[in-house]
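What follows is a set of structures for review.
Consider the two complexes below, in which chain A is the common component and chain B and chain C are the respective partners.
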Partner chain A sequence: MATLDLNAISKSFGSAKVLHDISLAIKDKEFVVFVGPSGCGKSTLLRIIAGLEEASSGQIVIGGDDVSDAHPVDRGISMVFQSYALYPHLSVYENIAFPLRVQKMDAAEMDSRVQKAAAILQLTDKLQLKPGQLSGGQRQRVAIGRSIVRNPKVFLFDEPLSNLDAALRGDMRVELSQLHRDLDATMVYVTHDQVEAMTMADRIVVLNGGRVEQFGSPMELYHHPATKFVASFIGQPNMNLIPATVIGADATGVSVELDGGHRMALPVAAGTVKAGDKVEVGIRPEHVEVSSKGLEISVNVLERLGGVSITYGVIGDGTRFCASLPGDAVIEEGRNLTLSVAPENCHVFDANGDVLRRQAAPEMVA
Partner chain B sequence: MMDRYTKLQMVGIYACVAVFLTFILLPFFEMFMASLRPLEHLFRSPYQFWSDDFSFDAYKQMWVTVPLLGRYIFNSIYISFMVTGLTMIFVVPAAYAYARLQFPFKNLSLGIFLGVNMFTGAVLLIPLYRVLRTMGLLNTYWAMIVPGVAFLIPTGIWLLRSYLEKIPRELEEAAFVDGASRLYTLRRVVLPLATPGLIVVGVAVFIGAYAQQFLFAITFNQTRELQPLPAGLYEFIGYQSVTWNEMMAAALVGVLPVMVIFLFLQKYLVAGLTAGAVKE
Partner chain C sequence: MADVMHADSSATTKRERKTIPESLFAWLLVGPAMIFIAVIVAWPLAETIRLSFMEAGLGGEKFIGLENYQDLAESRKFHQTIVRTFYWMFLSVGLKLVLGLIGATLLNAAIPGRALFRVLVMPPWVIPIAIGCIGWLWLYNGYFGVLSGVMMHLGITDAPFEFLAQKQSAFYSAIATDVWVGVPMVTLFFLAAMQGVSRDLYEAAWVDGAGRWYRFRRITIPQIMPVIVSMSLLSAIFTFNSFEIIWILTEGGPRGATTTLIVDTYKTAIGNYKFGEGSARAVIIVLLLGLFSLAYLFFLNKVNKKYGVK
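This part shows the complex of A and B:
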């Protein structure tokens, strides 16, 4: 059992507070991704879990044991660094064997573990090479190999794929998901790439400015973003956010007038909003379709990707709007386009950026 | 095509190199020429750069004029090696600490090291003399080794620290996460990667030790058998005449071992001085 619980972790560097009261309960064998913009504290949080950095306050519990003051090895974690951190003077074999040499493991046992890791990672014929003679993807695999020989309870990855090119990144993503299934281990993975987060995670932690914005499954984040930040962070292309004014709110939903004049009745829980409040309406680019009446946009840029056509334009008052339309849609740059969106697909965020929960959207079981 | 030069540029570059090399090498060349001539021909005027009286007699005669010459050469090298070895023993952990650890007065103490470096040994000779006398080290090898080590440690720390700082911290963090102690990491990871830097620092210290031993030798040591070569060369200055040709020959033979070491380490030196300049 390797659950990982963070209880009210805070961290300050001098007077700068970079993590605020972070509490998370990560389940056994779960693949959790920390995602967020640069500087939001993902690496710092991971390094605190690893024991490379000390939390200013809070508690780390792995598999039921409080390990807040324990050495990384005693925590049962292993870590893969963004730069791979391979020892350039040692062979691939010695790199993978390094944690076992530290433990003074007997040679036969060590050899079998290294060979097993090499087999899993397809490095068997590379064992005698130096890291400098390997490709980026192979180096990454050596780094992973070094982390699995110790049979840790929790794997920590800090942006392991960010040094690879796009194609290789796609392949490694699949390999890592496969590895997670094979090893049956708890994994915590840091990235700023939302595609990696969406495709690999069982659950995603969205961090912003050292705070947890939301912790949930990828689909939950997609359909029920808790805040404007999460909504605009998850999903590709980004969600459109259009300023609007509430003109009526009751049990069935909220009626709004978008800046620019278009009116909509949206089935969301009204909560405390009332007529006259400023809100923002979130519309995902993939949820609009060409129609005879609805939102008027003037198209500035059109990207035809084949299957879809991404259309960038502005609506009435100059708010930018992006639409993802079928590949064969009849659109031209410089022309106007009328788009409609189903009201149940719209998100509404109040002045604080918190969501008004959608009533009609699919319920998510986490 | 960064390394494409026009013919004219190449000529210019080589001309500059030639000027520099002339400045540096001419004294050595003249030393060599002087060592090949009979003494009485050295001072004739007009000065002759080239003559037909060359011989290697001085290289034979010098061992007779100064019987302990071999001993002096040995002493020079012995003292330099001892100084280098001892200095490195102190410098490696100190430089690592300055490169990686946080402790009070870190920058201040580094500054003090640099400050001490600005005093030449000469201003401190009298206090040093008293210290060495109190410790009973005068007229021993230690009289020349101990001050040598003391004056070279700061340089060594400064050189090696900047080299160690270039080794990525993540390598050490990875080792730490895998359970390695600091010393184990230093031995298995840091020092192997710092080998070129260690060689650069070692050579710099060796040269420093070789150069400064003269001062310490003539002040702290009266025992003839322990004198290093630079002090020993004084014996070529006789009552009536100075056998310049033999002195030059002895000086050249004395630096020969150092030159040989240099030739062997040259490739590390070049690698070490430029290492870390670019990310691979």
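This part shows the complex of A and C:
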């Protein structure tokens, strides 16, 4: 296995620049997930690493070797495609063996590798079947098997679970994490699903508009999102972002007045913000609780999920707000609800969308 | 009251539905098509079969049993025609498939001006066969034709070469024209099939190190195999029945060198007014093509199973 370094990778299609100077250092045996909305460039970046697209500029280094101009097969990577890319006319065995046949590998060695991969992926009894006779999850395993047999330095996954139903996706997430542990391999995984990113990744790269918004561990992204985009992308349900005005800023933090009149003192690094600046306060739905004093919301929709009640409403002048409350919380649609949030759990984003680093637990000001 | 009326109308609808059985409705739907087929296919076919047991000409009809078939079985000339027809068919279809495959591969490749080439491949198919064949007549002409002129210019021949006057050259010239007419259709069908092959399959193979030829052999050909089989049969039937090209170019000559079964049938029945003998030949064509179709269905089924087509 190997490290993967991307140095100032850019990509343009005609006049449209889709990747902007992306530099990442992925460690050996690390599971890194590229996540972002459609069109953010995550798949393009993966295809550049694979050698399926040529970068307009920049350098790709795998295991210390510059492979920027190397043929895909010489990069020491293997790739699992979103569509699985299985050959429908070939049996499972032949699909897994395909890369080895291309290499004209000795039959005994090839058989041994295929059988080993099949055993890891529980496909031994399916080897003679055609892909059309398999379930979605089994097809996905065959695609992974085809990538395993080559013993690549880096595994690349391009949204491999997006064609599966929700239940199977959950199972496959666990299987892929297990596989990462078993193979002890460097893996790069592309998805638009933040749940996949949070549950599987050692580190996550959040991409937006062809730029890296943040590169960090899942909990780092959750607790310390660098930008408003990361904050709203990571976490389910999405973080509430409430427009506010700074009424005071000092070494202890920032005091703000939310649109609607509510005031809060928040322990964040004030940075360059000053009284009168417009900011946004981020509050995660799971960080609020029903209280007698605090933020008043008018409940529009209530989703009882059993363990939690996802409550949608509006605050003040109409800003939408979502709260994740206990499953048996006494809430009614059409009624008002008062919620409180610990100031240390609040995030503040300046007018550019950059975070003011959280410092300590602030108190809510009535 | 409104409820009662609603109930009544609902009951009426149910009664009405019961009065038109599903099977009758189905027959009503397919009826017009069946009548159409009966008039233009079934009746002429039945009439052809009936005539094949007759000695039929301008003078009238006389039942002679299997005598027409017996004559054909004993006719050395007819046997030669069958052999020639199959040779004509296999050679022409083979060339169409090979050239179609090459053409489709080129048109599917990311080459500049691909859209223009895709348009340029169409004319032989679009131009009426008669007009195209007249063009070929000129090409094959010994004194005015380009081909003969080029051959003389290059020193291949020292005198004008009349392509359609020699037995062998007439046969292969007719095949060349037939291939020219047939290749565009085969090319476009192959092209459509190739475009249906997922790009991911090629990319996956490329990442695995498969070269261009390997990808063509191991991915493209198996993926379009059902279309290759279908086009083989369609092309075989069209070529077997190809009449206009031969008739316009050579009328089956010289000395029968380009007379295939269909031309022989036409000459016998329409040219010589031997409707009974011509019908017997037509029946044999139908039987041969029927056997061909059965073999095709069997083969296609096997191919679909082998290549994972549901």
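Basically, the second predicted complex is superposed on the first by the 359 of 366 C-alpha atoms of A that agree within 3 Å, B and C clash if a C-alpha of one lies under 4 Å from a C-alpha of the other, contacts with A are read in each partner's own complex, and residues count from 1 in each chain.
Methods note: a contact is a pair of C-beta atoms (placed from the backbone, for glycine too) under 8 Å apart; a residue touches a chain by one contact, two chains touch by 3 or more.
Computed from a predicted model, the values in this text were never measured in an experiment.
When both complexes are overlaid on chain A, chain B and chain C end up clashing with each other. By the document's definition of touching, both partners, chain B and chain C, reach A:A50. Of the two partner chains placed by the overlay, neither chain B nor chain C lies in contact with A:T186. Of the two partner chains, chain C is the only one that A:K130 touches; chain B does not reach it. In the superposition on chain A, contact is made by A:F81 with both chain B and chain C. By the touch criterion defined above, A:S255 reaches neither chain B nor chain C. By the document's definition of touching, neither partner reaches A:S324: not chain B, not chain C.
In the superposition on chain A, the residues of chain A touched by chain B in one structure and by chain C in the other are 50-52, 71-73, 77-79, 81-83, 85, 87-89, 98-99, 102-103, 132, 146, 150.
Looking at the complex, you find that chain B touches chain A at residues 168, 170-171, 173-180, 184, 188-189, 192-193, 280.
Against chain A, in their complex, chain C makes its touches with residues 198, 200-201, 203-210, 214, 218-219, 222-223, 225, 306-310. By the touch rule above, chain A contacts chain B in their complex via residues 50-52, 71-73, 77-79, 81-83, 85, 87-89, 98-99, 101-103, 132, 146, 150. Residues of chain A that touch chain C in their complex: 50-52, 71-73, 77-79, 81-85, 87-90, 98-99, 102-103, 130-132, 146, 150.
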